[in-house]
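In what follows, chain A forms one complex with chain B and a second complex with chain C.
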Partner chain A sequence: MSFWHKLNQMDSRIIYTALLLVLIGALIFPMGLPINIGTSSQAAYDIFNHFKAGDILYVSFDYDAAGATDIQSSVEACIRLVFKNGGRVAAGALWPIGAQQAEYLFRDMLKEFPDLVEGVDYLNLGYKPGGQMYIEKAMDNIAEACANVDNAGRNLSQSPIMKDLKTLKDAAAVICGNHGSPGASEWVPMYATAYAVPNKIPFVVCASAVNATINAPYVQSGQITVYLNGIRAGAEMEILTGQLGTAVAGMDAQSLSHLLVLALMVLGNISYFMVKRENKAKKEA
Partner chain B sequence: MQLSTSFAVWLTAGMTLAIYSGVYKENPFYRLVEHIYVGVSAGNGVVATIDNYIRPTIQIDIAKNGTWTYLIPIFIGLFVYARYSKNRKINWLSRIPLAFWVGIGSAVVITKTFKANFISQITATFLPAVTNDPLTMFNNILMIVGVISVLSYFFFTFEMPRPLKVIPKFGRYIMMIGFGAAYGNTVLSRISVLLGRLQFLLGNWLGIIQTRV
Partner chain C sequence: MLKRYLPFIMAVGIGLSYIISGSSPVISSWKATLDKWFLISTAFAVLIGTASLSQVHWRNLRRPDRRIYSVALGIALYGTILLGLIQTGRGAQYQILYNMTIVPLEAAILSQIAFYITSAAFRVLRMRSFEASLMLVSAAIVMLYNVPIGAAIWPGFPVIGKWLMNIPNTAAMRAITMGAALGGSATAIRIFLGLERSYLGGGDE
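The block that comes next holds the complex of A and B.
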């Protein structure tokens, strides 16, 4: 069996091992590959860096632990800028685990901004079922859409932030952390197209990279104001906010693993044609 | 290197390794953790829905605020379980809540989704083919040509004459570029998931790396 035949029939576990070694190597010995700031990250930074004191950002945590590596850094950077400027944050979730992701994020934020008060500066509304129907109801009355309770089961009337957030229309901007459905595909028709676009309210989507091609038409049409794609956008946002975290730490590993995938794709294509040529030569012989 | 002393971290690390062991070979640890994951996810979803929505709706909206009209959709909603009845005189009742769902779903699609996913997408392709900025002009022309050629690929009414066949062929190449971009983003996303787990294992568990720079 020739080298190309062997390569063509390579055990997938060898590829997994190579990928694992590249990722572990890059994480233990980071090289500090350059990360350039893209226009989307800069646009998101400009929006949240100019957030006014007292303004409310509504964040929908529509992702679980699997999507967190891709999404959480971008969302965290945006929220950090809002708190830095004296803004307030209300968090909702269309995914059950999303409420926990919001809890983790607020817990980290409290270490940086110890003066923040729950219910006054931020509030976790928790998971609310319904997807599109929740958004539609929240456009008229958030309290009713949330069955009047937050994530901890407290009545929403006890939280001062809710006095200024009667409907989604009271939010100065909305972020959707998107890892699938329900997510951006629900927010775009129910909120962005119906309200944010005509009223020029920023609607930012921080999404896992797998959703990029699904959401790209909404970016081109202007229904999504800013689109932060995957861990790369997270790293850019961390650099812009000056708080380097997991996204920047993982970018070397991410870049090198892509190089490995590219190399394997090139090798795979070469081996395909080489085997084809060898088989043809055998037949002719 | 500083090993974690937290039981939760060790448990999470063990479950992560058990799940990834399935990549090498099917084994009982992988199966066990897979079933735990499915069970916990389903249980968490049910508890979160009851705790965050159903219970407060009954306790606050209905019992405390006296919004008794909520009982009507709840009552009609319960009819959906009639389909499990073997009695034909009863099980037709399940069609009533389904009719509401279909009606509401159609109304939402027609009023909101149709505009967002169809009208807005069409108007977004109405771009000027001539602009002062050459790069914008190139982008706009590429968009217009791309949309027309991809749409022509799905034109099945009659076979196109030979000189026009180049248009759907170009559309096919445009779609292949789209599929390539989708694949690239999928790789990016899936590696991110693995990266997150490795950062947890090497950082939070083994203490070899710092997860924060």
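The block that comes next holds the complex of A and C.
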């Protein structure tokens, strides 16, 4: 078997090992490639940096722990800006695990902003089933849509924040953390098109990179005000807020792993054409 | 007779009344009631799912080759439910369980995809035809558009990548979305006319 034949049928384990080495190498020895701030991240920063004290941001955690690697850093940066400006945050989740992600994030925020009071400055409403129907109901009455209980099982009337958040229309902005369905596809018709766009309320989507193709039409039509795409947007938001975290740390690894994939694509094609040529030569002989 | 027609009458009746209530202010309060029913019924779907899963794995207990997996699933499922009921999702042990199992497991499963994609990119993205070559070049540009090293190599990559995402990709996605919406409408009409009955579980006769 020739060299090109061997290369053409390279064992998957070699590819896996190469990727693993590239990822570990980039994390241990970061190159610090420059990260340019995109227009979307700048727009999100401008929205949340101008949040007024007392304004409420509604965040829908429509993702699980797997999606969090791509989404959480963007959501966290936006919430950080809101708290910095004295704003308040109400969290809901259309995904069961989303409620835990919110809990996780609020716990981190409390370390940074120890004066925050649960029920006053922030509240986790928890997982709410129903997807699109939950959003529709919350547009009329959030308490009824939530069966009047928050994530801890307390009555919503006990939380002062809910006095100013009767419906989704009371929120100064909405963020949807999107890793699939239910997610942005449900928020766009029920909230963005019906209310946010006509009333110029920002509707921000922080999504995992795989959702970029699905959500592109909504971004182009203006139904999504700002679209923060994957860990790249998370890194940009971390730079803008001055709190460098996991997203910035992961960018070098992502850059190098993409280069490895490209190199493998080139190698794969060279070996493909060489094998084809060898086979043709054999036939002619 | 009742078993066959009652679910059909319920589905058509509720579906049509929802459409009418959405467009008529006279019976708009009916829509609010239906919304509430829907939210309650979706919450019950979680219970049905749990019961169905338990049933399948209860049967698996009789099969020695699958027993261990079903036992593990049963312990994880009912252990988490029990802990959640005792402590709610905010309890210390529940948080530990979540952070030590679900977070790393889900992250590990998702990150495996990176390895499979790398291997697949090597084996599948070959210039076998004009269309395949087009896909290969597009994939390479979009990949470089998404990472900082793309702009560092050549500032044109982000520009072309953005164009690919905004123009050809958006056009294709719009077509797919419209097609799916038309398909959904057609299915709804078939249900209302009684032509589509597979959702009742008895085939489409």
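One rule holds for everything that comes next: the second predicted complex is superposed on the first by the 285 of 285 C-alpha atoms of A that agree within 3 Å, B and C clash if a C-alpha of one lies under 4 Å from a C-alpha of the other, contacts with A are read in each partner's own complex, and residues count from 1 in each chain.
The working rule: a contact is a pair of C-beta atoms (placed from the backbone, for glycine too) under 8 Å apart; a residue touches a chain by one contact, two chains touch by 3 or more.
Nothing here was measured: the structure is a model prediction, and the numbers come from that model.
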Chain A as common anchor, with chain B and chain C clashing or fitting: clash
Touching partner for A:246 - first (chain B), second (chain C), both, neither: first
Touching partner for A:230 - first (chain B), second (chain C), both, neither: both
First, second, both or neither for A:202, with chain B first and chain C second: neither
Touched partner set for A:213, first chain B, second chain C, both or neither: both
First, second, both or neither for A:97, with chain B first and chain C second: both
Partner chain(s) touched by A:28 [first = chain B, second = chain C, both, neither]: first
Which superposed partner A:151 touches (first chain B, second chain C, both, neither): both
Contacts of A:126 with chain B and chain C, given as first, second, both or neither: both
Chain B versus chain C as contact partner of A:194, first or second or both or neither: first
Region of chain C that runs into chain B when the structures are aligned on their shared chain, from 7-15, 25-33, 115-123 or 151-159: 7-15
Footprint overlap on chain A, where chain B in one structure and chain C in the other make contact: 16, 19-20, 66, 68-69, 97, 99, 126, 128-129, 133, 136, 144, 147, 151, 153, 209, 212-213, 217, 220, 229-230, 232, 254, 257-258, 261
Interface residues, chain B side, partner chain A - complex: 23-24, 41, 44-45, 48-49, 51-53, 56-57, 60-61, 104, 108, 112-113, 115-117, 120-121, 123-124, 143, 178, 181-182, 185-196, 198-199, 202, 208-213
For the chain C and chain A complex, residues of the former touching the latter: 32, 35-36, 38-39, 42-43, 45-46, 88-90, 95, 98-99, 102-103, 105-107, 109-111, 114-115, 117-119, 121-123, 125-128, 136, 139-140, 143-144, 146-152, 165-166, 169-170, 173-174, 177
Contact set on chain A toward chain C in their complex: 10, 12, 15-16, 19-20, 33-36, 64-69, 97, 99-100, 103-104, 126, 128-131, 133-134, 136-137, 140, 144-145, 147, 151-153, 209, 212-214, 216-217, 220, 229-230, 232, 251, 254-262, 264-265, 267-269, 272-273
Complex contacts: residues of chain A adjacent to chain B: 13, 16, 19-20, 23-24, 27-28, 66, 68-70, 96-97, 99, 126-129, 132-133, 136, 144, 146-149, 151, 153, 155, 188-190, 192-194, 208-213, 217, 220-223, 229-232, 244-246, 248-250, 253-254, 257-258, 261
